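Order of writing sets the labels: A, B, C and D. Residues in every chain begin at 1.
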């Protein structure tokens, strides 16, 4: 599904991503783990086109997207959750979610002349998703007024609702209270059963290791180990990287 | 500033706005026979000093005219040289203050107001020498005459002095463009030519490079056709750059600040203007000139003389019992040689005047008529 | 007929309304700090005046004013691709200075500071809007149509994309929307209506010169957008009425004649600063720019 | 003629630099466009006129008092107007509008107290300039150019070496980080206003002597200073000075070939080209 080939990204002297290569197989949850500053989020930014790679290739189901713009990459089917919350604060929850559904809203003349009555099908989809996380009564509150955990949930929903073949999720449960953590874990599980392909960054080791099918470990911009969760759990190299030399 | 304080503030502002308009609208116009003049002058902004001088002329005339009993009232509006502002002022003066006569200064503002005045059949005196201004309608008058005559008079003088090459720097507006054209019309034939003619903006203060161009072209005479502050600065910078050719200039530079800026470089400048200081025989007008000198510490400027004469003329007409704009219009057109400081007033059929331009110069810090 | 004075003020309010709600579209709804709005107003006014003076019928020079301004809108949207916040404000401010300088110096086309006098009043289906009452009706209709169009844009999903671009452009792009295209459409649309306002202004005052399009003219419109409240058309309407009427009562206060000019400016400046200090968020502003 | 054009460009550039440096110092620290800086230049020019021409103080005493007044005036503006606005979390656009409102207010006050006519300080006697490599330049103009360069170095050392200078640059770079390290941003803002306005005082004095006094002189100066600051790089003070000289040269060389009415047009076209091609200006860093 996604292939990274000796990707490089330097910020001045800092080698954020240093000749990193790995592959994500379809219909699997792949976890990308490693200590802070290992280059995980930078890889996410390179794949989603927010940063331009210095060298190396990013292939997504056959297409070379190394130099593509974020909006083009997204329309190819990659949907991405950011590490910090990036909701539209002055819009309501419903408006935030509706934006993800399709790109009909970018057609100026169509919007100007049509009655843009919200289609039944979109309405129900939003309601269904909100019921899933028990936030149906927050439909018309401004996202600015939500709690941090609620914001993470809505943002996850927005990423899922955005039509995609591949999901990139950057620390979905970081800083979220245990109750909501369960809800998010349940959602990821549900997506896995539906056969979605997910690339996950998460620090919480046991959360990651029991959700992921495959684990890739990064340190100082390089991939230092790959394997099934059990193999990684007791791999000396990984422990060393985490606990520091 | 909690919520209540903010709402109170808003209520206060809105009340002021509504209250003042209501006061303005319902104010009973003063007694019937007083004639009202609405003066839309540039009282702030770049042209404030010219608005101020016109205002002085009006104030002086009002004191003389209203000595026994008040027959003329003047309402001032500040146009700031902005067209929208001037149009608002004109609408207010015509419709609320019910003025019979409008004064407007600066060519741009006068152009914007002319159609409004003409449409409402209100007399408009435009203190601008924009060529063809009074042709816009029979209610449009001007006491300044056409700017091109000044240019022509200076052209004739340059020919008398057998100058062959001339240079011109003129302010980028209708009046001074007219003067430049007038000068070229007369001067440029057989072997005489204007080697350089450049315009400058109102925001200009550094004329060095224009003057460097002129220095390279080596003209024998230089015409600075602009307002007093610009002409003075051009003069200073020209002398600093070593240009010592004879400098000609135009009406309006007869001000205290011109002498202050130019200091000794003003000596010997020759300019064309309509005002005739010395041979004003009429003792009353002599009195007014003295009054202006000791009240404002400078000789009466062209702007002041112009507005003064118009107010005096209107007062004479009103004293004969004429009260309405159409009637005043007829009386104005019939005026013949009304004695004025800025020259005797006789209106042609378009409502403009043709005044003979005389030459003046500066001799040991005084504005005096120029003799050969 | 005191009403003539009020009709004049209502026409000015109408023209400023179109200017303000169109600026609101780019500043309030799309977060584009557009300080070049007066340049579009100027382009519209000159295009309309020049075409009208050469005998073109009303609906040609009126729409031409809008479309020409729109083209300049697209032109100015090019820098919005990489410029953000302050830098965009500076670029658009620089753009308005350039347009002013061109209007002042291209004397062949615009007659420079001499301006364009004698601009004809509009004639539609044989009827000429020469008196102010009929001109007010024309202005009112145009204001209504402009308001409905802009209102429709802002409440439509397209409007929501604009607001999303304002709140977090990167997140909007990651949802697959070409935000640069959105910003250029928003800027071009707001320029179009500014051009229409320019055409109305030229046809109403019947004389225009560059001095009507300087930085000082931008300040009232910008204040209306800020004080009315970002992304709130209702607030913009109220703020327009107040700010256009604000200087009028000062005419009726009897200042001694020698200081009447500066006195009014001082009061206007003071009220402006007071409003800014005590109401920086505006009446109905719910939106906080970063 | 080339040397004369060069000198003319140098003089114009020096005047723009005097205005742009103060403006840019305030912008780089407080991150908003302080248009009223032009009015501060005008006000201080009139204060010198008050001290020297009206009250008859000794010229050099008047100059020192004027510069002190300028610094104080800048501090006052910041305290009364901008500090309140910042406390209410007003965005930069609001600060910009407030600064233009203040410009209108100050110019009207000058007009009220000093009248509209052009004033001269009359300390300098007008005489033919000195011959210098085929160009003519008056002593005052030489002072203007020298003081502009001296200012460039003083500012350069001040921002690089002095304690306050470094603290100001820290706030300019990243206000929050600076505050964490214990630098009070508010104090630095007032310092930038004091120093920026003092420089405006020097500009007011020199420009007042060279081009005489007029209530609206501030507006013309700040628009050119603003243009120079952007061309040079709005964030960096040396950039603003460099940009101002570039502006002075291109204007004067430009109107040697084009009619002189195009002076402002040249300035704004350069401005627009820079904003498109290199918005951060010559010395500015890409944000």
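Definition applied: contacts are C-beta pairs under 8 Å (C-beta built on N, C-alpha and C of every residue); 3 or more make two chains touch, one makes a residue touch a chain.
Bear in mind that the values here come from a model prediction, so they are computed numbers and not experimental data.
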Most centrally placed chain, judged by C-alpha centres: C
Maximum centroid distance from subunit B, chain identifier (CA atoms): A
Chain pair showing more contacts of the two, B-C and A-C: B-C
Centre-of-Cα separation between subunit C and subunit B, whole angstrom: 33
Rounded Å distance between subunit A and subunit C, as computed from the means of their C-alpha atoms: 42
For subunit A paired with subunit D, centre-to-centre distance based on mean C-alpha positions, whole Å: 50
Subunit A-subunit B separation of Cα centroids, rounded to whole Å: 73
Touching two or more other chains - residues of subunit A: none
Shared-contact residues (touching 2 or more other chains) in subunit D: 107-108, 111, 261, 264
Per-residue overlap in subunit B, given as positions that touch at least 2 other chains: 44, 48, 51, 172, 201
Touch relationships between chains, expressed as pairs: A-C, B-C, B-D, C-D
Partner subunit B, residues of subunit D touching it in the complex: 1, 4-5, 8, 11-12, 15, 107-108, 111, 115-120, 122, 125-129, 136, 138, 211-212, 214-217, 220, 251-252, 255-256, 259-261, 263-264
Interface residues, subunit C side, partner subunit B - complex: 1-5, 8-9, 12, 104, 112-115, 117-118, 201, 205-209, 211-212, 216, 242, 245-246, 248-253, 257-258, 260-262, 264-265, 271, 274-275, 278-279
Complex contacts: residues of subunit B adjacent to subunit C: 1, 6, 9-10, 13-14, 16-17, 19-21, 23-25, 27, 41, 43-44, 48, 51, 55, 59, 74, 76-78, 80-84, 87-89, 91-92, 94-96, 107-108, 111-112, 115, 136, 172-174, 177, 201-202
Subunit C - residues contacting subunit D, complex: 27, 33, 78-79, 82-87, 89-91, 94-95, 97-98, 100-102, 104-105, 107, 112, 215-216, 219, 222-223, 226, 259, 261-263, 265-266, 268-270, 272-273, 276-277, 280, 289
Of subunit C, residues touching subunit A in the complex: 149, 152-153, 156-161, 163-164, 166-168, 170-179, 181-182, 185, 231, 286-288
